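Every chain is named by a letter (A, B, C, D, E and F) in the order it is written, and numbering of its residues begins at 1.
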């Protein structure tokens, strides 16, 4: 269960309104790597964590902090929009400064939200659930968390250069710092997963004995004139300590032709009666409608 | 520019059709961490890479390989669907085996594709461009690449247990291996970025001097009864070698109330005439419509 | 079946073109509460209405009117775009007025539609089927209809202040009026549902005898310092005449820990072998792979 | 800022797993009217509320409760999935019971989440930000809140009939009760907005003096044979106390033809040189390219 | 403006309910090539048509018919769902026939619509505005219309084989016929556009004099072992009567390396100080921050 | 399998940067008819083609070329963005030229991509998998290919008029030419499908004997005052040589009322106990709950 404190985690007071920056700041609210994403990503990871204890607790601590980050940014956007032009008619737009401001505003912050934030990014695309990942495998998810914090910090840094407002900059400095902590923290948690014997370097640390070992250490060079072989990555042990990466220059394909089987006549695929190579069934018999559905299903499953 | 070879990178021949598995395998084609995602993610990263040389070449090598992975999976799906029931009427569905098969099929693989793959995931959600990231910052992007390969390998491993077909398992063993190589490779490339002096541990490795140092090393404990402080992560140097992570148990908020400013009357927000605290402008003057638009815009920008 | 009359329901003639307003007006065409939404919402409600007679007929009357509203707005947008700059090159953009206009235009109204409307909102997001609701329960749906008309009228009112054009204002006055009628009408229809004995105040008016009565009248106070208890809502009979609302200040949770059960080993969730509390099955036996799939499925269903 | 308590607001323990119900229950997590929607809708409404005091506090109280509802449902889904078949191969599917179960499962709850919930609905569609509304106008938003709680309670009631599990039913009874409280509460808050003189019945309660009064009280009868005129709604004062609703049977359109203006030649619309009627500009001059861009823009804006 | 007739364009009465087919039939309602698509596509094309007369009238005639097709299908779905299992608990699902039926149903047709259609396709993906095209160029749009009717008829034909119900088949025979008429009609309209001298064969029939004639007739052979040169298409005049198609086997690229310019330091792209080849500006000066923003913007535009 | 050549298919060098055009050019990358669409559309068509030989080879040749087109456009966008303002603060925006440029830029090309392209269109909407079609029926798909190339060429032509930059124009002339070739080529391939006896004019060329012949040649006139009957299309043989199109002016509906059956009581649809006409089952018996689920399912399927 959750509780709310009316105070913001950190102050979010611009010195002056700035409707253009209010549009850009939406990226940190509802963008693919914005605060709605890390909020929901960590909440679902916490709820999907299969071990009570420090890992789950860490995830829930950070998840709860992130809800407060959406709050800070939402408040900042409302304040940046204070006094933004809401009556800009065609007449008014003939003033180039007004026109410019209007051109750079998000129309939905006025028409839809009445001067507040929207759950969308800086291009107006609504946030969606596919932005998050919560797989139950902590190693795979912590890599995703590092990546999310890294992209988040990068976008914050870019936005930091797009404002001179001391109040906005103060808040963004706090956000940068939190993204730094969280990157360090998820990287440390990855190390701890290994030390605790729960996961290795490659996620998931399973099925190594079954995977195709011949092809588990080769970088395929498929771009003409590539110099990728010059990287030290192609000349030393892989980070997992189990493979030796090496570079294959311009290798041949290993499979047969990429053919599709003959279509079912009832699906009206264009077909000239030549059975497809590589078909699981085509090799064994001629194509065509089968006698009955019962036979057909049997045929597929037996 | 690209060229195509008709042969598959690796063989994709099921021993028998299996329409239920054909639906599940869609996750590796059009899912958030499927092959369409890594194809487009690496292509856009390569085209957006700002240095000629080994990094860009590595990205383009792998991007080009991934297009061929979509091809392998698309071919496999078409073959798994060979002979799948296309005439299953209400009558036929009274046979429980037929009904079960129909229930577990993706209807669009028949109705829309005529027995082939769709650019969607195992729940039928279409692939979209927000699944990818190509920021121009190689450290941030390589973290995202490790994460994508980790989730991809995890999903492949789960799917590996959902089939007994030797041909399908053979292909999935190859896919597992490629995901292993790529995880190792991106991790090695991260190390190399550091060794080459291009990036550090935290992305982007910039603005440390400006970020709020007071809050750059504390984990906020906001979940009652959390044991996250017991992790070694809270008791040792952070991975970046620059911060010392520590745990704050149940800290107080640092900011003021999360209030929004009074609305513009022309936007019809409900308002009782009480100026909002925390407003950038409310502190300085009473709310209300201003005299003219010109004044208003001036007001906002001055 | 439907028929078309070439005349518009109401005139839609701007005095002058205004490409900036043409972009904003898209909100009323393809926004979440635009005319495409009410058109489709009412059509699906009418087709899904389970009683012949006045309710269904009312829904279909209004649905049919709304198609004509999309037509009015689409025509208005095409006329507002007449003569909009289609050749604005980098050179031209050096003129600030031209640049400003270009900045505030929807590029797809030119590139995609050739000077006409798009089925999208003012931020360019395409309309989608999730905007509508047609549940078969008329009380629940009529509440949704009131809400849709209220948001629609609010957005129309905001747009009304963003233009000086007499022709545009004339049409928007008509739209405001129609939204007023429709709000009144759906509210009246809700009253009539009650008078006709078909539904009560809370939707659906069923399962009251089974719902948890202990928790059916308490407002949970979970925000520190909340003054919500001061509302008269917490001190008088609820609108349904059956409950007495009251405010619980800072109540304790009623459930146990939010733990998840141990993962299936074949799904590779990170797990340390500690059974989850609260698991439906964990209490009864140790986690681990079961002997056979048949046993496993039995296990789940028995 | 937010804080988390590890205990659930209400218990969420199924007696037995049920993977089919786990799929259906997704509707209450990530559906258009699920708990993610009310969480985000109320949070954004609270942050966008322009008056400190009881209204904003009420919104934030309920918003905070709703985060805990997502938590309850997410936990329930993970528990319902315990032991769900993860190895169901084609061979296994020949057992009709297994096959049936597999057919009715959400494949992503296994492949993507490893036995946990996804931020999506019962058909697998991801949650998105367009599901919520937070307009700054409390009357319009409270109508939307009533509607959301009504649809939510309706869906909960339908799901209640799809399970026999006592633990699941216990939780759903709590959910039904909470939806009842919240419907009553938002309806009471609407009354209080009126009593406090902040809003009237029609939202927004503004622009009545400017809207077209001739068309503000007529229901247009556009469906042949409609009996909608028989409703008492067409024969008594409107709920707002300001209008008298009445029914117009089969009225004529009020506007002219729905014509579009001639296209800009540079946009390559098909055109035969006949100027469009109803064009803002067509009446005044012949179509064709203008001399220069500067003239053209002037032309549009003057 | 539109009017409604309560009767269906064609009868839509199944002999018996069939919930599995009700799910599949959604493809024709809300799929990419379903009736909602052609309805909206033709309506927007009609409203965006720039010539009064036969072309616009034809489009509006067919658009109006298509609304009635959505109505027929929506009605059919509601009837096919009559009596569909709404109480199927875990207990009930142990009956394989029940389980199978449940597995193949669309859960939202029950939970969300209460036994009616949803504005989505057979995989549950909601309809969206990007499915339609209305460009203002009639030739380009009529090609799109032929394509939409062709895919629609193909999907109808596939669905025709998935039912034995005489009532459903009767309706689908009508739908097949309408798709046949409409394909013929749009093809005839394309011919008439040419005969009327409004468009040629290639859309848009403009800019031929400016396009690169050297590359306007060559098919590039980029797939190893391709036999595409054997098509007669590579050996005869092109359909537009203006070009002579021919096949280039394995041609070389014509451009330089696909390099990107050095990044702006304020955007934190990873960069080693090596200016990119092919940059518009890189050739002329060293990368790095410029003195002032004013200079910078000037720099870009001059 | 695929291979990459570092050189571009055609040169993509602007003479000067132009961030406004960089935003517009996104339409050709990630728009509904952009190069990502034709790339994926042709790849999936090729992989789903059921005949080895010239048709499949042609599709794969063109698909492979299109990947290179995305590459050209992505490179062009990165170059057009070189030096675009990344530090435009509120202060700077007071310069109208700067403001105008900022207003017309895509904020995500800076914040998200760091000066590069995004997989989205000119309004910022991300590309998605529903843009493509690959049905297995070559006739239906080739019509869709002609349509895609036509819309693509139309949009390219519109963009061609929005730039003066010689380098950009040079590339667009090449693109125009390729779109011309491809339109001609797909039209020629349609002719060849007919000559080869694989398909006829109407897709799919099947089920003519079963479709409703009475309604397979009539254009329904449903728009009052329509002049569509004047088209020669209504007076001559249809293009398929099998039907004779004719125009029906204002025809009557052929079906009965569009009623829905009574709802299942467990789904809580509002219902007054009047059985729906047109119900498959209502005619036979009174509505109401059935005795047991087993009976109910039997009832539906027997």
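In this section, a residue touches a chain if its C-beta (ideal position, glycine included) is under 8 Å from a C-beta of that chain, and two chains touch if they have at least 3 such contacts.
On a predicted model such as this, the values are computed, not experimentally measured, just so you know.
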Shortest walk length in steps over touching chains, chain A through to chain F: 1
Neighbouring chains shared between chain D and chain F, ordered by label: A, B, C, E
More contacts between chains, C-F or A-E: C-F
Distance between chain centroids, defined by C-alpha means - chain C, chain E (Å): 25
Centre distance in Å when chain B and chain C are each reduced to the mean of their C-alpha atoms: 27
Between chain F and chain E, distance of the C-alpha-averaged centres to the nearest whole Å: 3
Two or more partner chains touched - positions in chain F: 1-9, 16, 18, 32, 47-48, 53, 55, 60-61, 64-65, 68, 71, 75, 78, 86-88, 90, 93-94, 96-97, 99-104, 110, 112, 114-116, 120, 123-126, 128, 130, 133, 135-137, 139, 154, 157-158, 161, 204, 206, 222-223, 225, 253, 255, 257-263, 266-269, 301
Graph class of chain-chain contacts, one of line, ring, star, complete, other: complete
Chain A-touching residues of chain C, taken from the complex the two chains share: 16, 18, 20-21, 23-24, 27, 31-32, 96-97, 99-104, 121-125, 154-155, 158-159, 161-165, 222-226, 250, 253, 255, 257-263, 267-272, 274, 276-277
Chain C residues touching chain E - in the complex, by the definition given at the top: 1-9, 30, 36, 40, 43-44, 47-48, 60-61, 63-65, 67-68, 70-71, 74-75, 78, 90, 93-94, 112-120, 126-130, 132-137, 301
For the chain D and chain F complex, residues of the former touching the latter: 154, 157-158, 161, 266-268
Of all residues in chain A, those that touch chain C in their complex: 1-6, 47-53, 55, 86-91, 93-94, 96, 99-100, 102-104, 106-108, 110-112, 114, 120, 123-126, 135-139, 193, 196, 198-199, 204, 206
